[in-house]
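Below is one structure, written out as structure tokens; comments come after it.
Chain naming follows the written order as A, B, C, D, E, F, G and H, and within any one chain the residues start at number 1.
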Amino acid sequence: MPQVAILMGSQSDEPAMEKAAEVLEEFGVEYDLEVISAHRTPEKMVEFVRDAPGRGVRVFICGAGLSAALPGAVAAHTDLPVIGVPLDAALDGLDSLLSIAQMPPGVPVACVGVNNARNAAYLAISILSLHDDVIAESWAAFREQQRR
Amino acid sequence: MPQVAILMGSQSDEPAMEKAAEVLEEFGVEYDLEVISAHRTPEKMVEFVRDAPGRGVRVFICGAGLSAALPGAVAAHTDLPVIGVPLDAALDGLDSLLSIAQMPPGVPVACVGVNNARNAAYLAISILSLHDDVIAESWAAFREQQRR
Amino acid sequence: MPQVAILMGSQSDEPAMEKAAEVLEEFGVEYDLEVISAHRTPEKMVEFVRDAPGRGVRVFICGAGLSAALPGAVAAHTDLPVIGVPLDAALDGLDSLLSIAQMPPGVPVACVGVNNARNAAYLAISILSLHDDVIAESWAAFREQQRR
Amino acid sequence: MPQVAILMGSQSDEPAMEKAAEVLEEFGVEYDLEVISAHRTPEKMVEFVRDAPGRGVRVFICGAGLSAALPGAVAAHTDLPVIGVPLDAALDGLDSLLSIAQMPPGVPVACVGVNNARNAAYLAISILSLHDDVIAESWAAFREQQRR
Amino acid sequence: MPQVAILMGSQSDEPAMEKAAEVLEEFGVEYDLEVISAHRTPEKMVEFVRDAPGRGVRVFICGAGLSAALPGAVAAHTDLPVIGVPLDAALDGLDSLLSIAQMPPGVPVACVGVNNARNAAYLAISILSLHDDVIAESWAAFREQQRR
Amino acid sequence: MPQVAILMGSQSDEPAMEKAAEVLEEFGVEYDLEVISAHRTPEKMVEFVRDAPGRGVRVFICGAGLSAALPGAVAAHTDLPVIGVPLDAALDGLDSLLSIAQMPPGVPVACVGVNNARNAAYLAISILSLHDDVIAESWAAFREQQRR
Amino acid sequence: MPQVAILMGSQSDEPAMEKAAEVLEEFGVEYDLEVISAHRTPEKMVEFVRDAPGRGVRVFICGAGLSAALPGAVAAHTDLPVIGVPLDAALDGLDSLLSIAQMPPGVPVACVGVNNARNAAYLAISILSLHDDVIAESWAAFREQQRR
Amino acid sequence: MPQVAILMGSQSDEPAMEKAAEVLEEFGVEYDLEVISAHRTPEKMVEFVRDAPGRGVRVFICGAGLSAALPGAVAAHTDLPVIGVPLDAALDGLDSLLSIAQMPPGVPVACVGVNNARNAAYLAISILSLHDDVIAESWAAFREQQRR
């Protein structure tokens, strides 16, 4: 049962976003990975987001470039935590970084660094660790080793 | 019957967006003006956008600050032309300008200048002029006078 | 009879702007494509813009990099809708994006994303759809397919 | 017992960060609020961060302007989720936004918008909701009301 | 007989541009000062620019904010040196600075600093000094005094 | 006898700045071309600048990247017009563009676009044209041909 | 005998730069404070810089806005450490920050934050502490108290 | 005995930071060179910084990209001068430049240009020159030769 849903706005975002998947795999966290656009396939997106909790999803990771509406659009339709990954499709990713970080009050998105899908996965793991002792232990071990 | 729908993401956007309304009034163009957020009230937005053509709407003008998802979200649900007005809620409006302009291919938004709701209205009028001789005449007269 | 005029400031802009032409062709929309500079050939530009309506042109698409004066200069001489495409000739296209978007009130230009000539064409098509049922049908079908 | 620790780099950040506290109070979530600087009082910070889990803290909210090292420095010393709030002390907050968002892989920080301490609190609530049914219910009710 | 023509895109630019006039007066250089917009009154602009050499104008000083097309548009129609003054109407004047500086090869504009109309006048004086001994003497005296 | 002095801060700037030389050659304008740094060889620079008028120099063209102090430093020591060319050594040349354009009142520099040494030469030619009929004729012919 | 020379490009920089003086006074470090412009009074500057070591100066603190050439120009003429303070005269100080930080290799300047003259003084004190036990003791005490 | 400690946040920073080492070697200045991350190995960092003075270190040179917390984190734990080198890992290094330059008052860092590790070394040498006559002589000779 997937605990994390990795979404991206375009097929071309897949190489960047697969790094999130790799990190989740290292921690044994199951995930869905889908290409769904807030702008091109908005209904498919809403449907996916609404069904996600029923499938076990606890955290969304959404990567997008340019206008980067996906993380915010997902956040608009879910109460689960949403992590946004700005992708560098133009302007060094400054456009997507601002689009993702500057959400209006009441609809939060957790923005990570440009192209930093790995950190989105680590952030998801830190969140899941709060109520999953197995993940928490792996996460603590990872951090411990990193600190040495 | 409204030909233009003026939408804005937040009540606080109204002073800036009313300038679009004023321009439309000068040209005798009827309009709806609504506060609807892509992030906070996404379903209400979709409903409004879908019903708009039936009410006579031919062009959308959407003002938003920060992440400024509204113009793109409206464009995702309509085939009508969508004009986006980036509002200066932070960072001199650079965040909203990029969010509105940098749409992905296939879902166009016509971006005007920061806080420039008047130009959004003028752009709408130039579009309506293509198939409305009365508006076209007023528009030509306005431009003619401006050029002198 | 061309319904859209695609203009660009320099020969080197042609690869980027041909994407607008390709989109228009997919929709069976005829177009002119010309290299005309607001700065180097201003009179030729004015002449072209003034004659365009007589040739059937309803919408201008103008691509330019750097100072990117072309869209605004065309808008100064026509009452037809003008779509501007900022091209990335320097500074990631931020210079041309600002030059095109930040038009003064009364002379609107519809700015799309950096290098996004395709969206300029889609925007033109959404405008033409308001008074051309054949284009409207193709446009609706395109959007419908995209949404699936 | 505090579930959230609100930290800020300077006394002058308090008006901005109190908005996070207000949101948490509306949801009945207890919190610590401390002025602790990563640069001026690094040892006090490390001590606070290490003791926090023992006091019940599950999520950190860290506000900082300028170099804005606090969120990252807290993240370096904890495995708990860390939310960073860039504050506008200079350059419209662009400096702090980049400092907080652009963390290196392996040490994630969840960045929210400039001065948007409220969204930091909402994000914390969405995280706590994953394992606290009372908060989850309030959060769902808040979102539900917002969507209407 | 005016040796310098000071043009500005909008009435609201006058306080900023009058500083150029003040400097010219200190040096006894006659000037025209006109509000002429490249976007709103393009024909009036072309006419003015073409007639200027006949009236004695040797240098243009053009102030504009936002898209700031005026200096480039004047340069397109004259072979005389054109000095552009970016005015801070939005985005701290970065938009107008880039619009004025980033001219295409072959149509040069001499850009000075944001709101720095005085330097535009000093630059004009340094140019006129090359072939006017009276101005040259005043200019040398001014610089000499400044250097002390 | 050189009428223009082309200076550049570093040997690595030569490919970019030679374009200015090429343009001057096309117009038969003699020039000096020297690598002189305001930061590394300040005395050599002052000496060169002071001697230049005696050698016939009427206009300086100074290219520099990064901090780009050369144009301003030359302007500090001469009353002749100084044209600055920002070179793209980092940050897309935004650093040098701002360093060159944002001169303090009283010490003007004429800034052209990033890497646009050709426009610096054209600007120099338009200045020399004011008092040299041969250059003026070539310049007018060049512009005339360009406009066609 | 002054150990630090505080220079600034313009009289209007004095309020910002006096904060450096205040810090130095707290540590009992003597200083010169002069208004000297790299652009307007270059010879006076060179003279001052050359004489400074003889008067006891060990460190320069140079504040400047806009093009902000002063720190680099001082560095060009001295082998002593030079600290640059970018002042916010325009563009939020981004222009002066880049002008001061982006020095060419071989002529280093130590850049501190925008308007942060106090940090320039603290940095000077940390440098003087390396060979002055009295200052070192005060500095250590200040830092120790700050850390508590 | 190392007089300078060169630290960098990541192994990938080594090619850029070795240029600082090369410069120090040319001046016969001994140095430590270590990969230590403020975010990943904060305790190792604190330990290293605290032990450094005992090993003879007088100046720190810290290179980092992205959030670039290392220079500030080192400064938080030492009273010695700290020089920060922003590295271009994203956004042309603008993120790290701002993170390093915009330190809060009381914890100074001397920022040099993006990727300009050589200038960090030269700055360190100018500081060491204040109390080391051998280095001072080499430094003066280097500068003297550079000025010729």
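Quick notes on this one:
Basically, a residue touches a chain if its C-beta (ideal position, glycine included) is under 8 Å from a C-beta of that chain, and two chains touch if they have at least 3 such contacts.
Since the structure is predicted, the reported quantities are computational estimates derived from the model, not experimental observations.
Touching chain B and chain G together: D, E. Listed here as common contacts of chain C and chain G: E, F.
Annotation: 31 Å between the Cα-based centres of chain D and chain H.
Between the CA-based centres of chain A and chain C the separation comes to 36 Å, rounded to the whole angstrom. Annotation: 50 Å between the Cα-based centres of chain C and chain H.
Across the assembly, chain B contributes residues 40, 42, 66-67, 90-92, 94, 101-103, 106-107, 113-114, 146 that each touch 2 or more other chains. Chains touching one another form the pairs A-B, A-C, A-D, A-H, B-C, B-D, B-E, C-E, C-F, D-G, D-H, E-F, E-G, F-G, F-H, G-H. Across the complex, chain G meets chain E through its residues 40-44, 66-67, 90-92. Interface residues of chain F, counted against chain E in their complex, comprise 58, 79-81, 83, 86, 97, 101-103, 105-114, 116, 118-120, 122-123, 126-127, 129-131, 136, 139-140, 142-143, 146. Within the complex formed with chain B, the chain A residues making contact are 9-10, 37-40, 42, 46, 66-69, 72-73, 75-77, 90-91, 94-96, 98-104, 106-107. Only residues 88, 92-94, 113-115, 146-148 of chain C touch chain A when the two sit together in their complex.
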